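Got some structures for you, see below.
Shared between the two complexes below is chain A, which pairs with chain B and chain C, respectively.
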Partner chain A sequence: MLILKLNSNIMRKSILAVIAIATIQFVTAQTPEERGLQIAKAAEEADLGFKSSSVELKMILKNKNGQTSERTMTTRTLELTEDGDKSLIAFNSPKDVKGTATLTFTHKVGSDDQWLYLPSIKRVKRISSNNKSGPFVGSEFAYEDLSSQEVEKYTYKFLEEKGNLLIVEQDPVDPKSGYTRRVVTYNQDKGYRIEKVEFYDRKNALLKTLTYSDYKLYKDKFWRAGTFNMVNHQSNKETLLKFSDYNFGIDLSDEDFSQVALQRAGN
Partner chain B sequence: MNHKGIIAFILLMFTGHSWAQEDTSQKVSQDLELEVEAEYRYFLDDAAYSDQQRNYPSIAFRPAYSLEWNKGYERINFQGFFRLDRDNERTHGDIRELYYQKAKNNWELSLGLKKVYWGVIESNHLVDIINQTDAVETFDGEEKLGQPMVQFSYITNSIGTFELYYLPYHRKRTFPGREGRLRFGTVIDKDDLSYESGAEQWRQDLAVRWKHYFGIFDLAFSHFYGNGREPLFVFDQTGNINAFYPVINQTGLELQVTHDAFLWKLESIYRSAEAQDFLAFAAGVEYTFSNIDGNGLDIGVLGEYLYDERDELALTALQNDLFIASRIAFNDIQDTSILFGGIKDLESNSTIFSLEASRRFGSSWTAEIEARIFNDIAPSELILSNFRDDSFLRIAISKYF
Partner chain C sequence: MNALKKAGNFANKFAKNWAQLVIRFKWPVLVLTLLLAIGLGSQGKMEFDGDYHVFFSETNPELEAFDALQEKYTKDDNIILVLAPSDKNIFTRENLTAIEALTAEAWNTPYSSRVDAVTNFQYTRAVGDDLYVDDLSYQSEDKTDEEIKQIREIALKEPLLVHRIINTEGSVTAINVTVRLPGEDSAAEIPEVTEATRKMVLEFQQQYPQFEVYTTGLVPLNTAFFESAQNDLALIGIMLIIVFIVTFLLTRNIFATIATIFVVLFSIISAVGFVGITGIKLTPPSSVFPTMILTLAVADSIHILITMLQKVRNDGYSKKDALVESMRLNFMPVFITSLTTVIGFLTMNFGDVPPFWHLGNITAFGMTMAFLYSTTTLPALMAIFPIWKSKKVVKKEKIGWYSRMGHFVTRQPARLAIISLAIIAVLTFLATKNVFNDEFVEYFDTSVKFRSDSDFINDNLTGFYNVEFSVGSGESGGINNPEYLRKLNDFENWLDEQPEVVHVNAFSEVARRVNRSMHGDDQSYYKVPANREEAAQYLLLYELSLPFGLDLNNQINVDKSETRVTATLKNISSAEMIAFSERSEQWLKNNTDKPMHALGVSPTMMFSKLGFRQADSMFNGNIIALILISLVLMLALRSLRLGLMSIIPNVTPVLVGFGIWALYKGQINTGMVIVFGMTLGIIVDDTVHFMSKFLRARRELGYDSKQAVIYAFETVGRALVTTTIVLVAGFAVLSTSAFALNSYMARITVIIILSALIIDFILLPSLLILINKKTDEELETNKLKSE
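And then the complex of A and B:
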């Protein structure tokens, strides 16, 4: 009995020791790449289940002399889990481009599918999604900055932890990207929402900083920023995105992201 | 302008439609807009025919109104048009659109006057047949007259979208008047053109289209049966012209392959009528070098080959031609863009050079410059030879309210 008891104590201790060692080894064995990926996945996980949303967007473009011009648009998004999200963007102003709309099917792997609707002649045109690095309607946002952020589109490297902030480097998988890397700051206490992104150009020089603010929590789960501010450090130009009227109860389906719906959005 | 029939048709469509909607969203939104355009066309050469001018100042109005309810799934859209010009025939008005639309789940229904575009090719629009061309408005044929229709679209995710069109009324093409440029030696009065069909403009026409996409392929097939949109010119032995709208069957194919920055395009029609059967196609490629200066500059190059079995009788004069062009987009705040190029006949030296440029000023002004240069047009070009002295420059400034 005594031997047995002793044995069981030793057993218990050694089991604990094994667990402790395993835990230490697990932590130390997790490379910065693994931790980076884990954070990106956690952020994706935290945002799962929004199903569909619509939002009004005002874009304020500022040139280096401080002159501004505005564009407004309505964006609708359909969440898909097996593949990337679908989105429909329709311009409301300036008036000469009112009704111009794009429909995008994001893919986790490979090029996105994209259609453009030109309201003056009622034409739907399939366009190349090859142009990732080009500016979206003259703004400081590149097309790739505004496309659905799928985990598969980057490789990751955890850089540091500052309180509740986790800083991760993301390297785009697509060679057509305009960036060598992005440095993304996640807030792990607030559903891994993104607070800041720094973009480094192809020469690895700091190109732009995007700051998210005016965050609101929707449906007790989804953090959405009311303001995106993109500052280009090389051109000194700036673009502000103001989001309003977030609607998560809109209950959109695949049919709302068809080419027929694209034409409807533009009329 | 025979709008009586169209208005009667719209009234017919709306009677019987209950306005007592079950208001699910309670939100009704409306939008009223107006574009006023001042245009100046200057023709570089002396006129070929009497009464034609060299300077054509003009003004156009484009009002638009939309009413939306039921979360945008139901709406009424209106788009009007009116132009005042030195050419009496180019002074014209039209209801481009006035329709009621309802969308539900995987179908959409539109009733009224509407514009519909089919096609993938840039330099010619073969497949596009639903609307009559507003031939006095622009040279490129992209302006259309409102077409009365019932349009029903049925959307499936797996086998594409099916579109059905019931087109109860045909609208005749308007040609430039005596004072107008870009006309034939003989002034064609649209009312002189007759119909092959005994029902004339009230012939009840039908069209169907199926459209789908598979990865990088976008494919569409269409068929139209009814009064042709293009009049047919038949020359008898004494040189008299007999012009009429034939009853046609037209089958159309549209294909685009979008691979990297390449867009490969094919558009083809087979049209058959009592008086004429023919095949026409256009095949081309568009490639865009994007963001080449790191500042958003895109330069696209386009090449298209155009074939029409009608040969010199093709109204478009594009029977065996090559189109080469470049599209430059600055992607700046003002949306500055330039398209320039040329279409060359492969059997003669006939070439049309063209330039289109546009830019926004402030938030509600736009300016447009257009040039069409007819160069070395062969006298054997039955259609185009009439326009050999009609090279022009056009400047248009629009204000949006």
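And then the complex of A and C:
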């Protein structure tokens, strides 16, 4: 009897242990898809509340044999929560496109809206919304690489965790995207900032790698990279983006992202 | 003279000792040579490289210019898939849907960077005040009849499509797949792309059987090179059978035939080892090396075997004595002919075309080994094999054909010499009328699918050849300068008017169409913008509107200071191509400022100039070969005068060959440039044999020159005819190649070898008699005196 009792005690304990482990497993037993989405949402969350910002941007294009070309522009962004962010990019150089500016309303679902102001003819033109996979002003960045990264634009799959780095695969929802997938490296210790993105083309071959560096923390909360370096592995061309003078105190509103504002933007 | 004679005696003694040594140690010799051949062969590795770049040395200026252009824009090779529906109308719902499906599938081609088709053509139009850039036909299966009619109208009026992607009738269309090969291992990358493309086409045709599909482009060109290298390598099989039969007929002895096959196979296996050790990748020109070695090496064995068998059959020698005697008589001639052949092939290194360096070096190595095996393995094997005396008594050849030939020549040396020289002069004049033509599509004969597909595309849609210009503006962003755009537009128009041109692709067309769309599709604005800011901002808008892979980066450099102009041309000859390019360069010089001046470059241009470049660079090599080979002859014949005279029968066959070629084809290609050095090394054998017998008759037998000529005919006439038959058979096999660099080279070599035999039988003896007239008279008086 005694033996039996003892046995049942052990049994009870082990059953409890099994239940406990199962519960823990159940809590953490996310599918990779859920974990990926969770990370993307965490990243979005971490960047909430910056309201608006402006930054100066220098774009340096390099081809295979080292010839370079530069463009400079000013970017303003307005944070929106119900729908995607609004942004306005105004070109400062080269001279012949000075004053040209694009206005973009990103949407969480469906195609973004985009306009371009051409100072030479003083007109605002709408840009075909379904072509956003092409290169942005001859650079290695596609427009879709630069636009606001809304969570809804991708489906997710968590791949692995390497120390503080979380690696997530993102598949674009838009069938006209130039990519089959992107592999994004988040830094979970640094507000889920993105360290690196690898882009795979339609035949699922590695096309480009974007590396973020010179990160700075603004307002104790928002990580912003000073340098984006995009390398195209297939053409061996490269584009460098250098950001300077981040300004989070600019306090922009909807009126600063209207077509009227677009026409003033370059001045 | 004395020293040379001593050397001659030494050589005789050496050959004799060598033969005895080989016979004594026949088994060890056989095993050692077998091990050597296997040892070398085990290092062998046959890899093929079909990339057309292999034809150009790193310093080739046309290649450098083309590479520079590709680095400025994009480096791209392409595959053109041409679809011809059986109902002869691209513009039906079914056919457009099929084209759209294949276009989507084509994006999956390995290394693809861009796919251009009629369906994904970026149609630019104004809607209200906005610019719309979109696929010409997206989701074609949902289009109404009316929409399809509109698409047809737009497409057939579109200058960027007609003669490039569709024909004027709308019955044939192309899908142009641009691939960016990493170029790390073209021997692997090209087959990878080809395999994927073929699979894609096969699946497409199963699903849509109403389409005929034709394939061309630079990747298929590379594949055709690749496959013709493999096919030409396979010619070795036919040649082995021929060698077996010819050797058997000539020797009438199965063991001799087997021994010969051993020698040639050992030589080829060793050469394969050489290919592996040096890491040479085979290309169509170098892939003929086994057949070349086989053809040239078999002659060595035949000389040794025929003498040996004659000694056994006719002179009653024992097997061993016959072998030693044959070795003694043939060691030096075989050595000399091997040496001259090796020199001839090594001169290919002077050229500018790497595949011919490889051919020259592999064959030279193979021939060196053939000499070694002919003087070791062959006698060892013959010493091991029994000799079956045939029961039939071989009839001793009656005073036959060769003697009569000798008498015929000795009767009228002056007349024959004059007639021959006159014919040679006429043919030499004709030889200068040959023109270079390296149209790479025509390298392949019509049995090759690449050729027939390319011909279809040339006849029905567009051209395969092109010339490209990188036209600069001289300043960053200067391509938006209205002055530049106007001049570029003029150049585009001028090109369009040229009779050779099928299609022109220039940035001015983009500038015109965007300008028109920015003005509500008003046709009167179908001209380049008149204001720089407008041009720059329109371009910015247009570029923002293009989808993935269909951008302008292949046409505009990063700095926006230069644009690429591509003129697609009809099938024209290399000379016309060069003339067209020079005319275009001149137009730019006459009509534009310095920054806009540009050179015409393209793979087409690279091949067009290849023959000239090869001929220029081979010139020195040929002179050196001639000097070296004449020196060898002088030493071998121990006579300066005859050595110099031998230049005539050695050089004239090539002149005659090219003269006859002018009547036959009139066009020569890069492959034929090498034949001078190569055939010189081969045909010199005839001269050596004939002159040495002539000298022997005079020196040892005291004949006058006429008698000596008859003696030479009687002793070597048959041997010369025999080797000529073997050589002609070998090169005739190569001339069946579907690849013109090889087949033309082989054909002219056949003509040259035959000419060489005729010249050695008619002109050479006539000259020998004529230049020895004086010494003959002395001989006569000496004879009289002694009597």
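Everything below uses one rule, namely that the second predicted complex is superposed on the first by the 241 of 267 C-alpha atoms of A that agree within 3 Å, B and C clash if a C-alpha of one lies under 4 Å from a C-alpha of the other, contacts with A are read in each partner's own complex, and residues count from 1 in each chain.
Just so we're on the same page, contacts are C-beta pairs under 8 Å (C-beta built on N, C-alpha and C of every residue); 3 or more make two chains touch, one makes a residue touch a chain.
Everything numeric in this text was worked out from a predicted model, so none of it was measured.
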| item | value |
| --- | --- |
| Combined model on chain A: chain C and chain B, fit or clash | clash |
| First, second, both or neither for A:Thr102, with chain B first and chain C second | second |
| Partner chain in contact with A:Asn65 - chain B first, chain C second, else both or neither | second |
| Touching partner for A:Asp245 - first (chain B), second (chain C), both, neither | neither |
| Which of chain B and chain C A:Pro94 touches, first, second, both or neither | both |
| Touching partner for A:Ile121 - first (chain B), second (chain C), both, neither | both |
| Which of chain B and chain C A:Glu82 touches, first, second, both or neither | neither |
| Touched partner set for A:Val260, first chain B, second chain C, both or neither | first |
| Chain B versus chain C as contact partner of A:Lys203, first or second or both or neither | second |
| Touched partner set for A:Asp113, first chain B, second chain C, both or neither | first |
| Clash-bearing segment of chain B, relative to chain C, as chosen among 38-46, 128-136, 362-370 or 380-388 | 362-370 |
| Contacts on chain A seen with chain B and repeated with chain C across the two complexes | 61, 63, 69, 94-97, 121, 123, 125-128, 130-131, 133-135, 137-138, 178 |
| Chain A to chain C touching residues, read off their complex | 61-65, 67-69, 91, 94-97, 100, 102, 114, 116, 118-121, 123, 125-128, 130-138, 142-143, 176-178, 202-203, 205, 234-235, 237 |
| Partner chain B, residues of chain A touching it in the complex | 61, 63, 69-70, 93-98, 111, 113, 121-128, 130-131, 133-135, 137-138, 178, 250, 253-255, 258-261, 264, 267 |
| Chain A-touching residues of chain C, taken from the complex the two chains share | 71-72, 74-75, 107-113, 129-134, 180, 476-477, 480, 518, 531-538, 540-541, 543-553, 556-560 |
| Residues on chain B engaged by chain A in the complex (per definition of touch) | 33, 35, 66, 71-72, 75, 77, 101, 103, 105-106, 108, 115-117, 119-120, 142, 144, 153, 155, 157, 161, 211, 213, 215, 218, 256, 258, 260-263, 288, 290-291, 294-296, 298, 331-335, 360, 363-364, 366, 398, 400 |
